[in-house]
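Pasting the structures in now, so scroll down.
Across the two complexes that follow, subunit A remains constant while its partner is subunit B and subsequently subunit C.
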Partner chain A sequence: MRAAGLFFFLIATILPLQVNASVAGEKSGQFDATEMIMHHIADAHEFHIVTYTKASGEEVHISMPLPVIIWHSGRFHAFMSSRFHGGKNLVPVEGAYLKLYHGKIYLTNVEGTIHYNEKGEVANAKPLNFSITKNVASMFLGSFLIFLIFGTAAKRYSKRGGLAVPKGIQLLVEPIILFVRDDIAREQIDARKADLFMPYLLTLFFFIWINNLIGLIPFFPGGANLSGNISFTLTLAVMSFFAINIFGSKHYWKEVLIAPGIPFFVKIFLVPVEIIGLITKPFALMLRLFANITAGHIIILSLTSMIFIMQSVYAAPMTILLSLIMYSLEFLVAILQAYIFTLLTSLFIGMAVNEHH
Partner chain B sequence: MEGLNLTPFGLGLIVFSAAYGISRIAQAAMEAMARQPEISSKIQTAMIVVAALIEGATLFAIVVAWLG
Partner chain C sequence: MGLLMPDPGLVFWTSFSFLTLLILLRKYAWKPILRALKVREEYIEFSLKDADQAREELRKLSDTRKQMIEASRLEREKMIREARDLREEIIREARTAAEAESTRMIEQARAQIQRERKESLSEIRQQIGLISLEIAEKILKQELASDEKQKHVINEYLNQVNFN
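The block that comes next holds the complex of A and B.
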């Protein structure tokens, strides 16, 4: 029964494919590595699967369209991104037209004119965009996997009791959960309070790890640069900020705001620094995850681009070898970044909630 | 000198310094682990935390170098 449900879920995700054709015109022959890499790193309104060139020189893009949800003039407009036909068609909304231009949606006139300011940036107004983009779709996939893995494990535990010998999927998750609890949370946070933060820390660890791994899959359902998206890491960092500061003890706030036992003229400098420090801790968490994952994606794609830049098949063995090494490193980085994010969050929580003697 | 982009040079300097700092931590941690293998897991955690803090400062510098 469950296998059948999974099968239909997969079919439902894969079925609505969209085929776009474009003539490989002025760009043909010239491979632009920077543009390819930046296109991959950025978010998109459709999930690109494959592009191939027909014998007639026509490029065919196969991608999965994703829902576009736009808030414009007081109401939501929802439609599939296939209505844009890869940017060629405009979608009318009240009093304006929506145009997909380089992966972003702008408001334009009926001709779809894009204005530029003196810096060369697009000056068109952007509507409020709540779309299910490629990154959001990838996040849904990650959440679905987490739900599947841990839902099954949790059902096993409630059926067989927490002290029974673990079996099946329990064997996979139990050591990792115990590692997060004993080696991350209870090491940093007072043992009495550590269990209060376990749901958050476990979610953080597995959510980052599984989404990092999905981002490393080089073909269709994976490959989105989700944990290398600054909005994603910003959200996690803001949640960590609240987790750290909401449960902060009286002693912690006194240290931050009053800094007892320090001469007055030092206090004038120290207290603002401490207050800025509240922000910089999550800020560093945000940047660390973002920079590490994005850099990993860029390096792997750059290595792949080497074949096309050198235009020689003899570059391939070296590229494959280097990519293999980088991929192994990225697998390590995927879990290391999840570990560091969780470890530092619990360290900061520990600094805030622990009783000092 | 006009139009000379010094950002790559600055980025190289940042990464060089960070690599030096992290290698010093790793060296000290390895030596400590060799002396006292029984607390190596604690040393490892502390090593990673300090390395992550240096990495944080590095990332700040990289972002500033990019934006500036």
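The block that comes next holds the complex of A and C.
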């Protein structure tokens, strides 16, 4: 815990906070809930902390700038996102300029012109962007927390050859680890092989769960919609795809590719379906997690937006109550989705590696 | 549709974070934790089995003890019975011997007494004879001290004698 405190202290001291000011009057007019929500669930190149309006009507955004890493014309360009000044400044690279526009970095000309195609989408080229975005920063924080929690717990487990009476953080993590081992892994995978997949399943479960929870924290350094980002869920789904298929038994591959004991004309249809099934399983995992977490964020943000849409403070009690209910539900969803992702991965692994069905 | 477009940067960092975390946790967390859990479970299982075994042994031991107590009790009873029998035997034998001895002694005594009585009787008879003779002699001497008396006795005897 001391290490965690030190970590946050370091962040807080190193933090070169960026303060951007804009005149509130600039964005006058109707409150656009869709834009606000899309802005919140999308990734960003800065970690927004707080926005307030001065008496003079000037809006002040305080945010933590994040490193931008761009691969352009054969080399990396790294700088802090504060150089964009919230999108007002261009950053020159070889033969082009980088512009931050709606949270994304585009290549532009010296004027920073943004072209649109006929669908109204930005047509400018995007450089390869390996930036530490808000989501990546949130993920680093999550990974660090996970490592801290389980590293601390593991140290305790090493005492007295594992026979020390569990206490402290052990009591918190042990039931969950046992749950993942006994009710997720061993339930689906043959006991002898289940242990091989335990590190993957445990890491997957806690990676999803902790990142879901950090995403639910409504203020800095939480609130990034990381586990509701398709890139995140795609990556985990691909990992699960490999975990499922790399250790597949001969029997499993025979079932998929030859479908033994089935008439030939059925085989013609069944084998392609089976092969597509290899992809659809992780695809479903990807979409399920993405949709559930993003939907949760959207609902909570929508409920909050109600106050501004109705432009009445009397809407607040109702929306706050509903948000509270949704928040409780989201805490459940956070662990439920981690559970479902891990359980289904485990189930598919079981189908692939078990000797008999 | 922007939401559904994967971003290569985030894919890269997610892969990087997840795999790093997987490798680090595998080495520094999951292995020790899972091993400790396994060790603990095996220890508990072993202890339970051990306790069962100990209980079983204790039961056996107490059974053996009971059996031994029972056996010794039987042995003791047997010994007591034997001792009692032996005692009775000895007493009976002693009694029989004593009775025989006493009978024999009584017989002997009786014979002795008989014999001694006979002896004493004959001795007494002899004595009586001698004493009678002496008495008779003395009486005679006294009675027949005067002539008249001698005459009288002679007469008397003569009177008594029937001359038939």
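Convention: the second predicted complex is superposed on the first by the 340 of 357 C-alpha atoms of A that agree within 3 Å, B and C clash if a C-alpha of one lies under 4 Å from a C-alpha of the other, contacts with A are read in each partner's own complex, and residues count from 1 in each chain.
FYI, a residue touches a chain if its C-beta (ideal position, glycine included) is under 8 Å from a C-beta of that chain, and two chains touch if they have at least 3 such contacts.
Since we're looking at a predicted model, the values are computed, not measured.
Of the two partner chains, neither subunit B nor subunit C is touched by A:L278. Counted by residues of subunit A touched, the larger count belongs to C, out of subunit B and subunit C. In the superposition on chain A, no contact is made by A:M351 with either subunit B or subunit C.
In the superposed model, A:M326 makes contact with neither subunit B nor subunit C. When both complexes are overlaid on chain A, the residue A:P199 reaches subunit C alone and has no touch with subunit B.
Judged by the touch definition given at the top, the superposed model places A:E187 against subunit B, while subunit C stays out of reach.
Of the two partner chains, subunit C is the only one touched by A:D43; subunit B is not.
By the touch criterion defined above, A:A154 reaches subunit C but does not reach subunit B. After overlaying the two complexes on the shared chain, residue contacts for A:S131 are found with subunit C alone; subunit B is out of touch.
The interface of subunit A with subunit B does not overlap its interface with subunit C at any residue.
Subunit A contributes residues 38, 41-43, 69, 128-133, 135-136, 139-140, 143, 146-147, 150-151, 153-154, 157-158, 161-163, 173-174, 177-178, 181, 195, 198-200, 202-203, 207, 229-232, 234-236, 239, 294 to its touches with subunit C in the complex. Residues 2-15, 17-18, 20-22, 24-26, 28-40, 43 of subunit C are the ones that touch subunit A when the two sit in their complex.
By the touch rule above, subunit B contacts subunit A in their complex via residues 41, 45, 48-49, 52-53, 55-56, 59-60, 62-63. The part of subunit A that touches subunit B in the complex is made up of residues 183, 187, 284, 287-288, 291, 339-340, 343-344, 347.
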